[in-house]
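I'd like to ask you about the structure that follows.
Lettered A, B and C in written order, each chain numbered from 1.
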Amino acid sequence: MTETSTVRAGLGAPPPEDTILDVRNLRTYFKVMDGTVPAVDGINFSLGRGQTLGIVGESGSGKSVTAMTIMRLLDIPPAEIGEGSEIWFDGREVLSLPDGEMRRIRGNEMAMIFQEPLTSLNPVFTVGDQIGEQVKLHMKVKDREARDHAVEMLRLVGIPSPERRAKQYPHELSGGMRQRVMIAMALSCEPKLLIADEPTTALDVTVQAQILELLRAIQQRTGAALMLITHDLGVVAEMVDNVVVMYAGQVVEQGTVEEVLIEPRMPYTMGLIESIPTVEKRGGKLSAIHGVVPSPFHLPPACRFEPRCPYRWETCRQVPPELYPAGPSGRTARCHLHLAEAAPRREAAIAQHDQNMQVGRRLDGTPDRIGDA
Amino acid sequence: MTQNIEQAALVTGEIVEPDPTAAEDYEVGLKSLNQWQLAWRKFRNHKLALIGLGLIGILIAVAVVGPVLMPFNFTDVPKPDEIVGAGRAPSLAHPMGETGGLQRDVLTLVVNGARTSLLIGFTSMAIGVFIGTIVGAIAGFAGGVVDNLLMRLVDVMLSLPTLFVILVASRFLGNGTVATVIVIFGLFSWMGVSRLVRSLFLSIREREFVEAAIAVGVRDRRIIFRHILPNAFSPIVVVASLLVAGNIISEAFVSFLGFGVDPTSPTWGNILSGGLQFITQGNWWWPLFPGLAIIVTVLAVNFVGDGLRDAFDPRSRA
Amino acid sequence: MMKFVLRRVLQAIPVLFGITVVVYGILLAAPGGPTAKFANNPRITQEQRDKFKEAWGLDQPIPVQYCRWMGFCNPETNGTFLGSMPTPAALVGPTGLPNFLPEFLSGATNGVLHGDFGYSIDSGEKVSDRIVRAALPTFILAGVALVVWLTIAIVLGVYAAIHRYSLFDNAATVFSYVGFAMPTFWLGIMLIFIFAGALHWLPASGMTDTRASPPFGSDKYWEYFGNNPLAALGDIGKHLILPVITLVVVNIAGDSRFVRASMLESLGQDYVRTAKAKGLPARVVNFKHALRNALLPVITNIGLEIPFLFTGAIVTETIFSWPGIGKLTIDSTRNFDYPILMGVLLVTSVLVVFANLLADIAYGIVDPRIKY
């Protein structure tokens, strides 16, 4: 039984029970001095309970703004959420909740981990204090219990001597430990949804692996759903079930992680995969997607990727592509290559992509081709 | 990467070769401005700064041209048809009223005072910036003992409450002329600037050693100056505007007490000085207008200083 | 921590010495020295001037005067070395130990180092006594002003930052620009005119109503105070209103902007975003997380502003004839009363140095990131 205030008229129907997060037609604009920036321009995706979703994209693609919008952490001027956007969390539509209700959800049922653990922690309070205040607020317990719980959380995320650490200040901990503290803080009230915004970008590689391992373990233990935002395809490959690729504020490809990473069907994703330097590509030229991400004030009129796309043709400059089905399993891609009449182009593009993936030699000097056993 | 595309083209008959320059079509909207143009653009958008600039322009015009245009000389004692000891309130003939005592025209006094007060404010700031730059440059460039000594000196100067010292110096060394006042104020205005300039030169020194190690050459040194100096501009300008404002107010106080400029050259401060005794007799206009003049001037200078600071701040939006 | 304090105190010592040298230097740079007040009086003969100088030790060369004034040199020992420097013999006190040591060791009682600032040329009173007498009114004025100004500035600044761009914020901005541009003494004059001259609500000057009570600070006054504490306090309070307003307006104007800027910067930090993400209510986010960090630079700033309390006091005390240190400074400057002037300058500079030290220490205590 939901008591959602249907303050915004005309809401759609709630999603099925096993879907924890359903984002529909989300648009977030920013009004700035030079105009209006459509940071997120009509995206849709959903996340099932206990599942992991990866949101992939470059800086400026809108992925962080999406997360902040879901948590309703944006300041409303200058940000503005478009009419018709709906975010369903655990059966309730979140954008129409009054502030007080939203605050009860934030930190409690829905929590977020940020990228920079040093600046994200308040330097003048101890670590234990910062975890404890959240626990006290949402779980309505006394100081002593909150403190004990905080220590337990620190232990859970693998920090040694948690009682001592809880009394320390953020600057006294290492980067990896600070991120663990952030995770402990986010998990302290046992949320159903954990949003991680580039959680490992600021850390070095070995620590990165530990943190990811930790996230996975926590997820399995608590059954929380995880929305992982990153630009690092390696992290995506390891951690997620499903992938959403964003470009210039739009979703451009969607599917399971195997589908999207191994057999990408949208030229942008193809370009991303091709640009990963792998051992197989030794000796060949590193490829990159030429051109730059368009300025939000000068978005291409039709397909936003068109100026940089190696497979474009006239239609791409004239008609904005929809998210067309790109395979039997419900995967989609925002590219005209998936129109029925573009089948030969599609084949050609896929073949080209396969060829690009083979560039390079084997370690003994002989050229390598996919298909050789 | 063309083979299969060409095959596809044969099938469908149309293909567009990816044009390496195409991506730049969409970058046209952004012009690249150099630092000064960017700063000017930001300054232009800062309404208050423009108002301030305008006001300063008006004030300078008044200072330069005003006394010539005034119907009275500030020493004129008009032959009044009736003697009003405390002076007469503002009227058409005397828009700012008349003083008590000698019954001189307040507007004339204020306009003449503008000249002196502005002169003192800006010149003493110039002296302060000049001395401060030299001291800071020496300290930053030479480093070591010299730097230490100079900075201790700055500390000492800063520990002495400035107004105190200026008062004492003006009383003891002053002879009532404008020049002396300017010099005294200038001698106490340099400390802040010196610190700024010193840190600037310290950073140059470090880079220079690196350059020397790589043995690059004169050209890069000039580049460093071109990059670093504009960075210094902003804080120095802010300090300078505060100095002008502060010195005008301080001079007013010093002259008000009779330690500064003699009443033979009016400054807003010594005009106010005369006014205090007549306030109890109901003469409110005599002290009011010079004070307003000071407020307007200081406001204008502060606006411009703020605008300049925002203009050169790399983080503020254009 | 103690090491830090010790280090800073040691660093302060050369600065303090420098201050004494500069103070002495400025005063000696005046033409004619303390006999300048006699310069225009034809009835004082040169012989009388010379005797005056000798009595006050002013006929000695400058380094010797400085040395005696500071308390390094024994005033009983005459004679110079290299023409103007004090002889080594002069450095020795009555007991045979160096003169600058405390009295119980060296037997010396002269000089700044022993608390002896000389005697007022005008009144003959001991300078230290005179300064102490003037200190209490200044502390009352400055103390009240400090509390008022800090409270209002912080409240204004924080509120303006939280409600940025609101009407309140814009009004506060206008106020702070105008207030900052106002010469303090002019404001005082205008206030006197309006409230004392025209409206007769408040007294125009002084610290107490001289018709109702004995002069402040005298023994009779304290007797009076003991008998009618409320009336006496009310009297002082009434006299405090205008001077305090005059003193604080400029400081509030400047500081509220600073507080606002600091608060805005704090509100824009990542940890505030985290606090919101935890679901904390706005009140906690603003006042616990943001404000605590925003106050750190404000504390340092306060330390740096204490000198302005003194200079502001000069202005205000002069306008309102408030019998404090500021007025003492002006009066003694007018009258060329060197010993008093030097004493005051020295005392205030030393206080400034210590205020800075305190501010540093306070900052170190409050910010856990600083380790000493």
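Everything that follows uses one rule, which is that a contact is a pair of C-beta atoms (placed from the backbone, for glycine too) under 8 Å apart; a residue touches a chain by one contact, two chains touch by 3 or more.
Please read all numbers here as calculations on a predicted model, not as lab measurements.
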Could you work out which chain's C-alpha centre is the most distant one from the centre of chain C?
A
Find me the chain with the mean Cα position closest to the mean of all the protein Cα atoms on display.
B
Chain centre separation (chain B, chain C; CA means) in Å
27
Just the number, please: Cα centre separation of chain A and chain B in whole Å.
50
Distance-wise, how many Å sit between the C-alpha centres of chain A and chain C, to the nearest whole number?
59
Overlap residues in chain C, where contacts from two or more other chains coincide
none
Considering only the defined contacts, which chain B positions touch chain C in the complex?
152-153, 155-157, 159-165, 167-169, 171-173, 245, 249, 252-253, 256-257, 259, 272, 275-276, 279-280, 282, 284, 287-288, 290-291, 294-299, 302-303
Residue positions on chain C within touch of chain B in the complex are 14-15, 18-19, 22-23, 26-27, 29-31, 177-178, 180-186, 189-190, 192-193, 197, 204, 307, 310-311, 314-315, 318-319, 329-330, 333-334, 336, 341, 344-345, 348-349, 352-353, 356
State the interface residues of chain C toward chain A in the complex, per the touch definition above.
269-271, 273-281, 284, 289, 292-293, 296, 366-369
Touching residues of chain A toward chain C in the complex: what are they?
71, 73, 103-108, 111-112, 114, 116, 119-125, 133-134, 137-138, 169, 171, 182, 185
